[in-house]
């Protein structure tokens, strides 16, 4: 097509697209470009120096490790929750279904102070862990707990519709061919929902990496142990170290980007295999 | 209102949807645009309706160029393939829409709107559905409401995109007759798009057969069936047998590479050779379908089936059964040069 | 042979034991991670009785945080609403080059840490930012002031309404709009009478999600707010201050308002989903 857009009888294209691009540029693109321009002022050497600092490296490690663990927990239990919500009926199911979205709706600060209270050594749940000498709040374990809360809906909500679409006929066909229930799940159902599960995992993971509000209340924020990268950004900012803050931000973005890209590649590869 | 189309072209990317189209639609005529999917018929209809814009060429309504007039100013009623009824409005509001969006000066009074909507609904025999929503109607009912809605603005031209495409066979037949009657009553210049040859032949005054963006033939239903202008039309409208002149069509007297097109009911079948150009064949299958008997034969040394249709009376005078060796000879045929063969097999 | 196939159980369902186990695991998981926190918010808020609860909410700083939160949402949500409609109209009803890139860019704020969302505005408008000196010279304060909070909130809630409307309007196609135009409707008439009624549930859904996030945002707002009590504190920020001062009852009292807002959101969300399904306008699900 030689022209920029296909002609249409509906009016308002120029106005709508013009406004969209203007607003997008002003609110998102120009501010984001500031991030990269700022970090470029440090030069590659400066960038490397900041990123490989012990404290920064430790915070990045804590951030990505706890986010990964939380996403794995959510992938496993989220699949069970999705399964139960799609396949079974039980009293109160609709309320439970609606409640799954709570982490989307509940402000992160509220989630943070609540979970910190719940898992504090004298908290409702924390006391049982404390009895076994396990500290949850103010350790990386606490971070995993809040990140699990934050990412909980993602896997459930991505797997649910796909699972509901798996045709009963396919399962019946497999069963009539002699497959046991576990076989049917492993060979028929799981391959169908696997891409959605991976998507949910990636979304939960990505969300956890950037999370700040809830984590700072429960993490204890001890440098090298339970200090997450976003917190370090804020700390640098409070010392007016704009360049340092920006560098950590860019490093986070780059790592997330690479991770999500590889998850996408994995997904693309597995769906291609599935279609063959 | 008459429509004149001159040298119209439309390209989508590398794909030529309309290739130099010339067409004259007479005032008050009911015209069918017939062709397989992707032949450009819908593009042509949308351009006439002002929903798409041609790359080049002229479009005249009653001698006036309407290129610069957009859809809302063309006074054209458009009935969409999937009806495009406004799903959040009642049937009444759907039909009233065109009247309500008129500029204040031309907008009829509420009582007037009410009267004309009910008049239109009675015209399509669905007055009793006024308060329903589109989702509560059957396909045939939606179709008629879509038509009533298009008629509400008193269009000078009515365009229908596959008007019966999404309906089942019985409803289709009924609506076809009904559309024909309605047109005879209203006499609005109407064009409808269809891929169903039976529909086009039964309803339209004239049929425009299209293929790959080109008009293959324009003619009355009788003309396009009885005297197809091109191999494509032969194949697209009705059944046809192909005889390659070199091997199986000595009666064509053609020496080059040519193909003869013969309708199944234009073939004589006999136990004795009719003359020295008759083709000897073996009967493979005999099947009576209603008032006709379909016979499938294969020529000696060939594997292609030739289809022959006989009236039951004729069949009864000389019954055939599978395995019989008989002779065939076409009463009527048409020969095309073989160069066009490739285009055909793709059709 | 037939004997065997009749007695063999065709296993298209799990055994009762497995079913109960799975339901049990799912419910326990949801109880620990969702149910208990929700209960904790309210029990903590009321742990010293209703009297202290009301007192905490009537405190001037809490009150001004509540007002600021509503003000910010009242600006951010309509701004993103107008944007969402414009973007969805352009993307869903027209064909143009670079469309999928545009959709990706619209989703961008979701992929960025809230802290970074705040940071970018500090880089632009902060004292040492690009426009910082100019703004200072003209005595305009964006960062550590309400405008910065609004901007950061608009950024983090940017995609909500657009990504709700785009798939919905794409699925609905443009035939109804074309029909309206061919019946003589103008652009505005087509939009108000045909498009808008068709997307009203999706629109409402997006507004609910957008509003919830706008009122609850913490990270981005925290970076640009400056935490000035009674001036630039939103409710979530106020919760943080009270909590860090060990004023737990007050912190949870304000938090309980936010939790209540979350519950109202969930109820409205379910209602809208139900209504949308009933009116045949299925919504796009997901985060």
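Order of writing sets the labels: A, B and C. Residues in every chain begin at 1.
The rule is simple: contacts are C-beta pairs under 8 Å (C-beta built on N, C-alpha and C of every residue); 3 or more make two chains touch, one makes a residue touch a chain.
This structure is a prediction, so every number in the text was calculated from the model and none was measured.
Colleague: Quick check for the class: compute each chain's Cα centroid; which one is farthest from the centroid of chain C?
Modeller: B
Colleague: Name whichever of A-B and B-C has more C-beta pairs touching across its two chains.
Modeller: Counting C-beta pairs in contact, B-C comes out ahead.
Colleague: Would you kindly tell me how far, in whole Å, the mean C-alpha position of chain C lies from that of chain A?
Modeller: 16
Colleague: CA centre of chain B versus CA centre of chain C: separation in Å?
Modeller: 52
Colleague: When the centre of a chain is set as the mean of its C-alpha atoms, what distance in Å lies between chain A and chain B?
Modeller: That pair's centroid distance is 55 Å.
Colleague: For chain B, write out the residues touching at least two other chains, lowest number first.
Modeller: In chain B, the residues touching two or more other chains are 50-51, 70-71.
Colleague: On chain A, where are the residues touching two or more other chains?
Modeller: Within chain A, residues 1, 9 contact more than one other chain.
Colleague: Could you pull out the residues of chain C that touch at least 2 other chains?
Modeller: 178, 181, 186
Colleague: Chain A touches which residues of chain B in the complex?
Modeller: Touching chain A from chain B are residues 12-13, 50-53, 70-71.
Colleague: Okay, in this complex, where on chain A does chain B touch?
Modeller: Counting only chain A, the residues touching chain B are 1, 7, 9.
Colleague: Which positions of chain C touch chain B when the two form their complex?
Modeller: For chain C paired with chain B, touching residues are 175-176, 178-186, 189, 193-194, 197-198, 279-280.
Colleague: Which part of chain A faces chain C closely enough to touch in the complex?
Modeller: Spelled out, the residues of chain A in touch with chain C are 1, 4-6, 8-13, 15-17, 19-21, 23-24, 27-32, 34-35, 38, 77, 80-81, 83-85, 88, 90, 94, 96, 98-111, 113-115, 117-118, 124-125, 148-149, 152-154, 157-158, 160-161, 168, 171-172, 175-176, 179-181, 184, 203, 206-207, 209-214, 217, 230, 233-234, 237, 240, 242, 245-246, 249, 252-253, 256, 260.
Colleague: Quick check on the complex: what are the chain C residues that touch chain A?
Modeller: It is residues 10-15, 18-19, 22-23, 25-27, 29-30, 32-38, 40-41, 44, 82-83, 86-87, 89-90, 93-97, 102, 105-106, 108-109, 111-116, 119-124, 126-130, 151, 154-155, 158, 174, 177-178, 181, 186-187, 190-191, 209, 212, 215-219, 222-223, 235-237, 239-240, 243, 248, 251-252, 255, 258-259, 261-263, 265-267, 269-270, 285-287 of chain C that touch chain A.
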